[in-house]
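These are the structures, in structure tokens.
Note that chain A is present in both complexes that follow, paired respectively with chain B and with chain C.
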Partner chain A sequence: MRVLGVETSCDETGIAIYDDQGLLAHEVYSQTKIHADYGGVVPELASRDHVRKLAPMARQLLQQHHISQSDIDGLAYTAGPGLAGALLVGAAFTRSLAWAWRKPAIGIHHMEGHLLAPMLEAESPDFPFIALLVSGGHTQLIQVKAIGQYELLGESVDDAAGEAFDKTAKLLGLGYPGGPELARLAQSGDPNRFQFPRPMTDRPGLDFSFSGLKTFALTTWRTEQSPTANLQQLKADIARAFEDAVIDTLLIKCRRALQQTHCQRLVMAGGVSANQRLRVSITDMLDSMQGQAYYPRTDLCTDNGAMIAYAGWHHLKTGKQESLAFNIQPRWPLA
Partner chain B sequence: MKWHLANAAAQVALGQRLGEVIDRKALIFLQGDLGAGKTTLARGLLRGRGYEGNVKSPTYTLIEPYLLPKGACYHLDLYRLADAEELEYLGLREMLAESAILLIEWPQRAQGWLPEADLAIQIDHAESGRSVELRVGSPSGQHILNQLQSG
Partner chain C sequence: MKILAIDTTETACSAALLDGDETLEHFKLTPRRHTEYLLPMLDALLAEAQTSLTEVDGLGFAKGPGSFTGVRIASAAIQGIAVAVDLPIAPVSSLLALAQGAARRYQADHALVALDARMQEVYWAACEQDCNGLMQLPGEEVVCRPDDIPIPASGGWHGIGSGWGQYGKILQSRLDGALQKIHPDEQIHAQDVARLAKQVLLAGQGVSVEHALPVYLRHPVAENPSQSS
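And then the complex of A and B:
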């Protein structure tokens, strides 16, 4: 079975083809350049740009790989969660194409796509595993028993980890969204100068809270500023203390989730999982636990069509499909 | 009306009292820098409406709806909004017409589009804790403030 997957939940237009042999093709067009001028994702701009990009991208992908409509057995699109306008564009496009081609189609949960993304790698995890999904919009720990069997173990009660990165970057004057820049700055920071709290680690449970770290960073930034202070170094030291606190908190909760479920496989996915120090720390921790960590390649950490094609391939294979009336769900819990 | 609040718990408590005294409908602006505690106050207000679950930041989703037994409450964060016109697409006009509470962070991003708030809450960093200033923008806002002071 060969599946065309479409992802348009936020500001990335992703399109990909997956079949029994593996990932055949995948293309992502990012709107970050457009949005950089506005300092974030702008919902209506996002949907307008998906409209512009989607059809030409699909045509080009099929041509480049010499695939015609008769070679496609089914189609999948992200049905939520995400920005309503952006989701509608992808859903309407994919559902219409499926109707015109007389193929089955299915709507996919965006987070299911993310947590299955590591399955696209040569070294993919067996079930069951624990998935840590960390991005600008989500921080969740999920127990994955099999495809379609997900149990939410914990999640952020306020800001997502990526959001905390972006907002802290903004507080330090690094622009918005500046998470990756904050991580770069942290490399030159002194890990011993400031000690930030590890929120919600002193009590049982697997929920996260990152909102307080942002405030802690702000307070530190305000109180440490003086005419003689080296501001660039101060920023770097705060960035380092902040990143250490986030990584440490994620590690503590992951360890707890693994122990609680007697599981030794951890999958990390979502935009923040591209953070190198976080990856190294997670790998080290799993090594020390005689377990193994799995990650998607960097370009499959962020939003992409490959993960949607893959999840769609699984569901369509079992005979699942949707009627012509499609629906999107901007807010949609996975489990 | 001005308060000095020592910590996050005090912010939640103020929000909670506010949530308790609002009848059904109110347009409330929450203003202040990043990290001032706008979402913390919103969390308190939702507690005051009987909501016990997590109150996540709406920065990413722009809007988080809470459909509660006491009436609907919409928590919005317009930080990432570039053009006020986009509020049409979010369905804000319909929400304003509803008998609901609208809590709006970063309302200045929608200047000229949003009507005057019943209450505008300004949160600022103080020497220790936060200073919170509540400004009334309508008779129904005044009514809420009176209730708050008599409680």
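And then the complex of A and C:
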């Protein structure tokens, strides 16, 4: 079975083809530059750009790989969660293409796409596993028993980890999106200068809270500034303390989730999973627990069509498909 | 020549098949539920006409102005079909389509179209019928406050569209004496989009997917801070 997948839930336009042999093609166009001046994604601008980019990208991908109607067995698109206007572009395009081709189609949960993304790699996890989904929109721990069997173990009660990264970067005056920039700056930071709290780790449970860290960073930034202070180093030291706190907190909760479920496989996905220090820390922890950690390749950490094509491939294989009426779900709990 | 056309600009959803001079149309008032009706309508249309997409020669869609989300649904849907079957696309003004509907239903040959654009504004166009019975846009479409609509020189106009419901008094006072009749409840119909699309396609002016885009008239709410500072 060969599936065309489309992702348009936020500020990346993604399209991909997955079949029984693996990932055949995948293209992502990122709108980052469009939103940079605003310091965040502007939903209307995102929607306008998706409708400009998606169809030409799709046509080009099909032409490049000599794919026509008879080569595709089904189509998948991100139905939610995400920005309503952006989701609608991908849904309307994909569903109409499927209708015109007389092929089955299915709407995919964006986070299901992310948590299955590591299975696109040669070394992929067996079920069951624990998934840590960390992005600008989500921080969730999910127990994955099989495709479609997801249990939410914990999630952020306020800011997502990626959101906290971006907001902290913004208050330190870094560019947009600031998360990766903050992580770069943290590399030259002194790990011993500041000690940030590890929120919600002193109590049982698997929920997260990251908004306090942002405030802690702001307070530190304000109180430590003086005429003689080396501001660049101060920023780097705050970035380091912030990143250490986020990583530590994620590790503590992951360890708890693994112990609680007697599981030894951890999958990490979502934009923040591209963070190298986080990857190394997670891998070390799983090694120490005689377990194994799995990640998607870096370009499949952020939003992409490959993970949607892959999730769609799983669901369409079971014979699932939608009626001609379609819908999006901007708010849609996974589990 | 067979043309398949759709409209999801406002509160209605419609799809039509124009075959020669014959039209088949499915139309429903369905605020915010376009995605539930659009493909079933298209499917039913082709089945009723006992035809298939391979026999269709071109596509038309109402490109706006109107609800941003609405015009994007039509645009993305037509793009999806066009990628599948490689057909030329005629993007048609939603204001012109409304005027064409007024010509069909009320024999209007002059139409002042006003769509409620929210934020105390209207999308506005003055349309005139040509010798082939098709509405044309001699001037430009604009988005403006009802007090600021351009006043036409001549009289005998039909006022069409939701803007006439929302801002009827202001518009009428501006156009004192120039109006013949007002139809504030008139909706866009895909059959009128199809008729207008046909002339575009016959003229060889159909476009491919990258040009089958919405027309918003209004810029995004957020102004670019780097330009405004």
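Some notes on this structure:
One rule holds in what follows: the second predicted complex is superposed on the first by the 334 of 335 C-alpha atoms of A that agree within 3 Å, B and C clash if a C-alpha of one lies under 4 Å from a C-alpha of the other, contacts with A are read in each partner's own complex, and residues count from 1 in each chain.
Here is the rule we use: contacts are C-beta pairs under 8 Å (C-beta built on N, C-alpha and C of every residue); 3 or more make two chains touch, one makes a residue touch a chain.
Since the model is a prediction, treat every value here as computed from it, not as a measurement.
Of the two partner chains placed around the shared chain by superposition, chain B is the only one that A:218 touches, whereas chain C remains out of contact. By the touch criterion defined above, A:147 lies against neither chain B nor chain C after alignment on the C-alpha atoms of chain A. Legend: residue contacts after superposition of the two complexes on their common chain; A:252 is shown touching neither chain B nor chain C. In the superposition on chain A, no contact is made by A:1 with either chain B or chain C. Applying the stated contact rule after C-alpha superposition, one finds that A:137 touches chain B and leaves chain C untouched.
In the superposition on chain A, contact is made by A:97 with chain C only, not with chain B.
When the shared chain is aligned, chain C comes close enough to touch A:62, but chain B does not.
Touching of chain A by both chain B and chain C, each in its own complex, is seen for residues 38, 42, 44-45, 47, 84-85. Taken together, the chain A residues at the contact with chain C in this complex read 37-38, 42, 44-45, 47-48, 51-52, 54-56, 58-59, 62, 69, 84-85, 88-101, 323-328. By the touch rule above, chain A contacts chain B in their complex via residues 38-45, 47, 81, 83-85, 136-137, 155-160, 163, 167, 170-171, 207, 211-212, 214-215, 217-218, 222, 330-331. Put simply, chain C touches chain A in their complex at residues 35-40, 42-43, 53, 68-69, 72-85, 209-210, 212-214, 216, 220-222, 224-226. Residue ranges of chain B in contact with chain A, taken from their complex: 8, 34-35, 37, 39-40, 54-57, 59-62, 64-65, 79-83, 85-86, 89-90, 125.
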